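So that we are looking at the same thing, I have put the structure below in structure tokens.
So that you can tell them apart, the chains are marked A, B, C, D, E and F in the order they are listed, and the count of residues begins at 1 in each.
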Amino acid sequence: MTEEQPASEAPFSPSPEVLAGDTSDIYFLRTHRVMELEGINPRVTMEFFPSGDGILCGMKEVLALLGQVLPSDAEVWALEEGERFRLKEVALRVIAPYLSFGVYETAILGILAHESGWATAARECVEAAEGVPIVSFGARHVHPAVAAAMEYAAIVGGGVSCATPVGARLAGVTPSGTMPHAMMLCFGDTVRATLAFDKHMPPEVPRIVLVDTFHDEPEEALQVAKALGDRLYGVRLDTPGERGGVTPDLVIEARVRLDQAGFQHVKLVVSGGLTPTRIRQFLEAGAPVDSFGVGSYISGARPVDFTADIKEVEGKPVAKRGRIPGIIANPRLHRAI
Amino acid sequence: MTEEQPASEAPFSPSPEVLAGDTSDIYFLRTHRVMELEGINPRVTMEFFPSGDGILCGMKEVLALLGQVLPSDAEVWALEEGERFRLKEVALRVIAPYLSFGVYETAILGILAHESGWATAARECVEAAEGVPIVSFGARHVHPAVAAAMEYAAIVGGGVSCATPVGARLAGVTPSGTMPHAMMLCFGDTVRATLAFDKHMPPEVPRIVLVDTFHDEPEEALQVAKALGDRLYGVRLDTPGERGGVTPDLVIEARVRLDQAGFQHVKLVVSGGLTPTRIRQFLEAGAPVDSFGVGSYISGARPVDFTADIKEVEGKPVAKRGRIPGIIANPRLHRAI
Amino acid sequence: MTEEQPASEAPFSPSPEVLAGDTSDIYFLRTHRVMELEGINPRVTMEFFPSGDGILCGMKEVLALLGQVLPSDAEVWALEEGERFRLKEVALRVIAPYLSFGVYETAILGILAHESGWATAARECVEAAEGVPIVSFGARHVHPAVAAAMEYAAIVGGGVSCATPVGARLAGVTPSGTMPHAMMLCFGDTVRATLAFDKHMPPEVPRIVLVDTFHDEPEEALQVAKALGDRLYGVRLDTPGERGGVTPDLVIEARVRLDQAGFQHVKLVVSGGLTPTRIRQFLEAGAPVDSFGVGSYISGARPVDFTADIKEVEGKPVAKRGRIPGIIANPRLHRAI
Amino acid sequence: MTEEQPASEAPFSPSPEVLAGDTSDIYFLRTHRVMELEGINPRVTMEFFPSGDGILCGMKEVLALLGQVLPSDAEVWALEEGERFRLKEVALRVIAPYLSFGVYETAILGILAHESGWATAARECVEAAEGVPIVSFGARHVHPAVAAAMEYAAIVGGGVSCATPVGARLAGVTPSGTMPHAMMLCFGDTVRATLAFDKHMPPEVPRIVLVDTFHDEPEEALQVAKALGDRLYGVRLDTPGERGGVTPDLVIEARVRLDQAGFQHVKLVVSGGLTPTRIRQFLEAGAPVDSFGVGSYISGARPVDFTADIKEVEGKPVAKRGRIPGIIANPRLHRAI
Amino acid sequence: MTEEQPASEAPFSPSPEVLAGDTSDIYFLRTHRVMELEGINPRVTMEFFPSGDGILCGMKEVLALLGQVLPSDAEVWALEEGERFRLKEVALRVIAPYLSFGVYETAILGILAHESGWATAARECVEAAEGVPIVSFGARHVHPAVAAAMEYAAIVGGGVSCATPVGARLAGVTPSGTMPHAMMLCFGDTVRATLAFDKHMPPEVPRIVLVDTFHDEPEEALQVAKALGDRLYGVRLDTPGERGGVTPDLVIEARVRLDQAGFQHVKLVVSGGLTPTRIRQFLEAGAPVDSFGVGSYISGARPVDFTADIKEVEGKPVAKRGRIPGIIANPRLHRAI
Amino acid sequence: MTEEQPASEAPFSPSPEVLAGDTSDIYFLRTHRVMELEGINPRVTMEFFPSGDGILCGMKEVLALLGQVLPSDAEVWALEEGERFRLKEVALRVIAPYLSFGVYETAILGILAHESGWATAARECVEAAEGVPIVSFGARHVHPAVAAAMEYAAIVGGGVSCATPVGARLAGVTPSGTMPHAMMLCFGDTVRATLAFDKHMPPEVPRIVLVDTFHDEPEEALQVAKALGDRLYGVRLDTPGERGGVTPDLVIEARVRLDQAGFQHVKLVVSGGLTPTRIRQFLEAGAPVDSFGVGSYISGARPVDFTADIKEVEGKPVAKRGRIPGIIANPRLHRAI
């Protein structure tokens, strides 16, 4: 086990299962077979649009998939990864023979919906934090198969770092971590664990110590500050809900007590149930937080659902009942393929 | 491309990335290294409990992971896949040397949280539907990397079927599908598309035709019923929100108009933005729905977050501040490893 | 039966029943008899004021009544028909011997209350519609004995037309209508009914066809547009609540589909449960409505109740407990009789 | 002017304007002409149903109209005047050639809607009053052309009497009244007005004196009780809103003060802004009210809208989109014509 | 300074200021003078009743006052101290010459209102606590001139003890206290302060130590438990709001950690912003609280206002407008003087 | 009994009970004894701050207490009586040996909390009244032992006068009163009582007559105005809730009726359940009130709780957990001792 992160090549290339249509709704597979047998394969224009406002994420992965499957005369127009989109704004337009890509509708919608959901939630935190860095700590709330995609999206949404190697690699950042409660409990003493951590970790790993395991937070903070001195980069406050959670007053008090003891250099990292609302409460109360670790608000965010509509068949405007036939102009789209 | 589903062997075996700790929060990897170098590896008891009530899902996958990494003297106690759990009830207890499994805390929590979230949402729909079958149609709202896990969870939660081959295979069911709007638009005519579908599909695939693409739903339903006669299994109503969505009155009217024309055998499948509340409204209004296709309510459900606590170190009760030292008894646990 | 509307003479002259006091509260008749027998008949000042803000309607009818019964030395001051009034503002002041008009208090209050209620509701729709014409379609919600008064008030409130000959005559406008569902059902086909209507109606009657009886609205609209071509003036959308009612999206879609087929000249009339709130929703959603047909919001409006108070007896300020003795000045009043 | 009420013959016979179709929506007149010229006149079944629960009123008037216009082979089924109906329950079914009655759809719906609205509101008051009599005092809030219909409906809804001769005659009851503020102010003294009333009114008119014009209500009540003694039937409390309106405590106090002075026989009539909620408050507070005079809650009630649907043409089930073809069975209907 | 509490004689005897009328509204003094000079002094019946439900307190003090001022032929009827009363129920009836007691109306009402307010609030806490003792800790929120009356009322309302000597003496209980933060801070160490307290306090004072000053509460609790052993009676948790306040989870955790270390005998006292709602939350969460210290909910309670009405003058029923003349029977009254 | 108010000397000097520590929480007495016996008496800095915004009252009384007990080298900093304070702003800082003043923490907090509560409520009324004078009438809602303190606080908060001699003396104002219902009922007639009052009261007592006892308020007002003429200073309206309370309309009507009868000089005093909200309603409705008599809104106001914290011990910053060690600077403090 190692935390090295080799450069990832073609990080967004589609999995064999996706390419095989195995993750598609089966009716697309059946449609494919019927149309093939009937010899029907019109050139269609399909538009993809979201069910709400948000931050676009997943487009790189979608374009990688389309790049592998579309014929050379296909045309693809798209918004950029990380752009803000509006409700019902066309974010992707594909013009190609239907059979070349129709079966991937499920996968394309799923990638855009899930990743845009995470990126949008991250952006809400980033905006609430008004410049204080946000780190994604929420891999523990999602299936590991999407841990990388989730953390990548958190960074597209504006996070500065994330906790898993797999996510950091995809996003091209250095992973970020402090120390877990489990380590403190195994060592039986926060200062002892801290000294061991300091002894074995390479110098580029910042020493950020969790200080709520055994003693009152400011007390434990002072103990590790005294033990590590200038080598201590920061402390993390993660008071559990059973104790009222981290409060702005606790952050202020910890800051003052550290400062009064001469530890002005020690940073304060806050985590535990953070949401944009709670982040705003810390800032409004003047709590001197140096970084927020956000978990389930980002990783548990609902997807921003996308819909795909065929709007032209062989150049002729069409639409199912309830939709406007023909393309919906969007000057922000750029030619992507 | 094919919809054959070969029997899946060891369907829950962990991916190399998970085993390598690549999807773990990096502080667990660092803790591992420090403890190893310090020669510290106590036998600990770790308990996993949820942040709310719900339906347990993911335990099989978790046990498959633990089975690969734990030494032979380890002990694991767990609730069963699909069981109902209560807020803070211990769902999993692992007793083993910390270094043998500590690094997988992220993955274990993520699997349980994400899959239990989906299974719980599915159960809510199933309970609302009072016996009318629920089918999972929501793969388009999640990343394809978790499409299988999501659909598996929907079925653990009580769904009767799902739409993707990969999900159906994992859950051991036959995938279920009707016909998409794209097919109707490519054919340019619902009846034409239906006849082609009927011609090419094997007999065991039920003919369920989407009837809201070109004409009023009852009108289009009667057209396909006349065209297919007894071979028509059912029709699907999926009226878009722009037209007010599917209403209970529409279902009743379609039923009466089909019956008056002699098509009592044609089933009615309803889809589009369904939630337990809306499902209940259909039933309360007496709408004769034969099956509900549920999408984002299940697939976009928030995870039911889980937490892991070390409660014993070398047999001695411990806990971080805010938690009760020592194990929390739960007679419903059974020995799993 | 004919829809000719002969010029109405003295349209507001009181009925014999009203003049006989038959529609008065009986205590006014008894008061009249007792005062007559006692020889008491003071010159009084009576003021009439509303219980809320609104649009004045009925004043012409009230003045016609007072003109028939007051002696030559009476004085009447009033606001104008159609003026906006404020809560408790004096709208009518009568100075005359009590016995000459006291018995008509019930009728005067009732005319002003009922008609001002309708006019006020109409004005709310007119203001919500920001220039899109409003037509009164609500005679079916009131007793036919007040159909004329209701439709007259709707036009005083700002409506451009109404549906009944009797109302149109009183208001001096041309009545307005489209085609009812009953006609479509009797003909069994919308196009057939439309062609017959076109054949027999004089050219000045605009061809506005109801297009939701048998088929999807845009589909039926295109059918009648193709059948009538340039002779088609407009179509009416009146989708029932069982189908979600008329939505802004439906109007937009119908417009686009008509335009794409070359029928830009066809107007769109919307009806069905309209209120100021719903009218505003159509405008805010950008739905290109050409005219709104409003029913029960206007015709079922609650009356704006009026109260009458004697404020002077033989020139001396008086008032019952709770009211201010003497007249309440209102410079907006003009001498009416 | 007189309050005699001659027996009314054929009280519900339709007016010439209604019979001429002058109060109909003009599109029915146009439909009539087109169908006549095309020679189309199918035998249809038309059903009329309400938009909510309520008390049926106006059916006698509707049947009088249908009786005049339908051919001898027509069939009419109806609920009874005064029956309770439920949302969407069929209240009237007409089976006849369309041209014989189609043009009266507006009038039939209007009569049922408006009168059922008043009857339903009256019933709510009657139920709230738990046996204490309700008298309709609200003619002043409606146009005199419907004063009779409104008061008739109030009595169908359960009121014991009403204030206008024209309404009382239609309903077959004796009109009811007390004394108005105008009379008190013209006499300048409540006792003087009362003595004059007593002198000139025939013995069968109960002496009910309004006691809030000049003095505190219990004080004025005692003054008239002393003046009239046993001839005093009751007093009316109608305190204006400017003085807080009539309160339950005022009624109790007036009762006690009258009783303590030996006037136990004097009844207490309460009026002024009464609603079912306020009526219930009086009863719950134990206020000994002998009768409630209700005004705008009944007379200003919104109509209970009705809808008419053709459900069979020449015996074949039909319906516009959104409605169920064919009749809706209702065993409570009886054959009316 | 000493905490000895000598038996209080005549604890409720009125102060000279009250007897002099100095605390009365001045218009009673003026009324007294005018009536005296006019020679008017009728025997009146005055009734005192509350503006809401509650627990009666102050009656002993009121009777002590009346006992000093009323002549021998006066009659006083009253409810008992501590009885529950209902809105507007007569709680006190005085029959005496007006001049003998009229001037004390202000004082009588004030005593009953203020003390009943406190007793009622205390009772709400007592009922919420379902048997867990309530101690009054709120003298710091009221002026010291009423500290005794407030704490007396808290005990009449069901509290078991209070914090001030003056209050305990009036209520006949032993005062109750723990240790303040100030003491801990002066000693600079909780254990040192505790040992000094234990050394100097007489054995009958229970050792209840405040354990949130310097360290985490369970940690500090264990430190003092180890220092004092069996002599430790209990610990008090009073976590400030800046740290989330005392939570049910904290109480449970403290209990378990004390029990696991062998200190099952140590009681848990909870204080800090307690209300009936919060007390109920502790019980519902199963927190093993041994006693609640309640402050401002009791001492800051709004008075339950009382009103006094003259209901008879020389035996004749009278009342001001709005009230019922004559006495309001209340069989629960007993003869008190 | 007399209403003379001799100049009060040292009006805020502490009572013997307070000085003896009898009104202190007993744990302060115990702390005192333990520290004395241990020979511990550090010089501490204690800060007092409020739990909300408000108007400071009680500081003079607190300083009088501290002035008696502090040694000569103590330092006291304070805000001024009547100043506005903000949540958590330091209002008082004491620097002295702990044993010299620690025992008075309860009394100091109680004085500030209770009196600031009253003053703050008074200020809210004063601000709502926009210049119309406010008089404190609420002694009847508090225990007579704090009547003086309450009325003093009402005047510090901005009231112009109060009703009790004891309060007026403390605040240095002339007490204010009208006439009570009891007086009217004893005289049996408002005019008779008024004439007696006028005969016996010295000329400097303004004749303000309560006019709602026997008759309608404007009527009774006119009766006393006619009886007293220019000697009548004002009338008080205090209509009970049973009659709807005093309404703005009643005030307006009384004003007009008095003016129309030539009594423009008669002032209108309003009382009865007044709150800032109701005061604002009178002003917004244009009711010409000359003075408001406010009772329980001021006298029943909840205390604004204060907290005391030791922030330095022998010059070293300290604080209990949750508070910031060291003083909190407040430039608005001035040196008071």
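Descriptive notes on the structure:
The rule we apply is simple: a residue touches a chain if its C-beta (ideal position, glycine included) is under 8 Å from a C-beta of that chain, and two chains touch if they have at least 3 such contacts.
These figures come from a predicted structure and were not determined experimentally.
Taking the definition of touch as given, a chain qualifies here only if it contacts chain A and chain F alike; those chains are C, E.
Of the two chain pairs examined here, A-E and A-C, the one linked by more C-beta pairs in contact is A-E. Work out the mean CA point of chain B and of chain E, and you get 59 Å between them. Rounded to whole angstrom units, the spacing between the C-alpha centres of chain B and chain C is 57.
Chain E has its Cα centroid 66 Å from the Cα centroid of chain C.
Residue positions 214-216, 239, 241-243, 249-250, 253, 321-323 of chain F each touch two or more of the other chains.
Here the chains touching each other pair up as A-B, A-C, A-E, A-F, B-C, B-D, B-E, C-D, C-F, D-E, D-F, E-F. On chain F, the positions that touch chain D within their shared complex are 214-216, 219, 239, 241-245, 247, 249-250, 253.
Those residues of chain C that touch chain A in the shared complex are 216, 218, 249-250, 252-253, 256-257, 260. For chain A in complex with chain B, the residues that touch the partner chain are 1-3, 15, 17-18, 20-35, 37-38, 40, 42, 44, 46, 58, 98, 102-103, 105-107, 109-111, 113-115, 117, 137, 139-149, 163-166, 168, 175-188, 193, 196-197, 199-201, 205, 212-215, 239-243, 296, 299-303, 305-306, 308-310, 313, 318-323. Every residue of chain C that touches chain F in the complex is listed here, in rising order: 317, 321-326.
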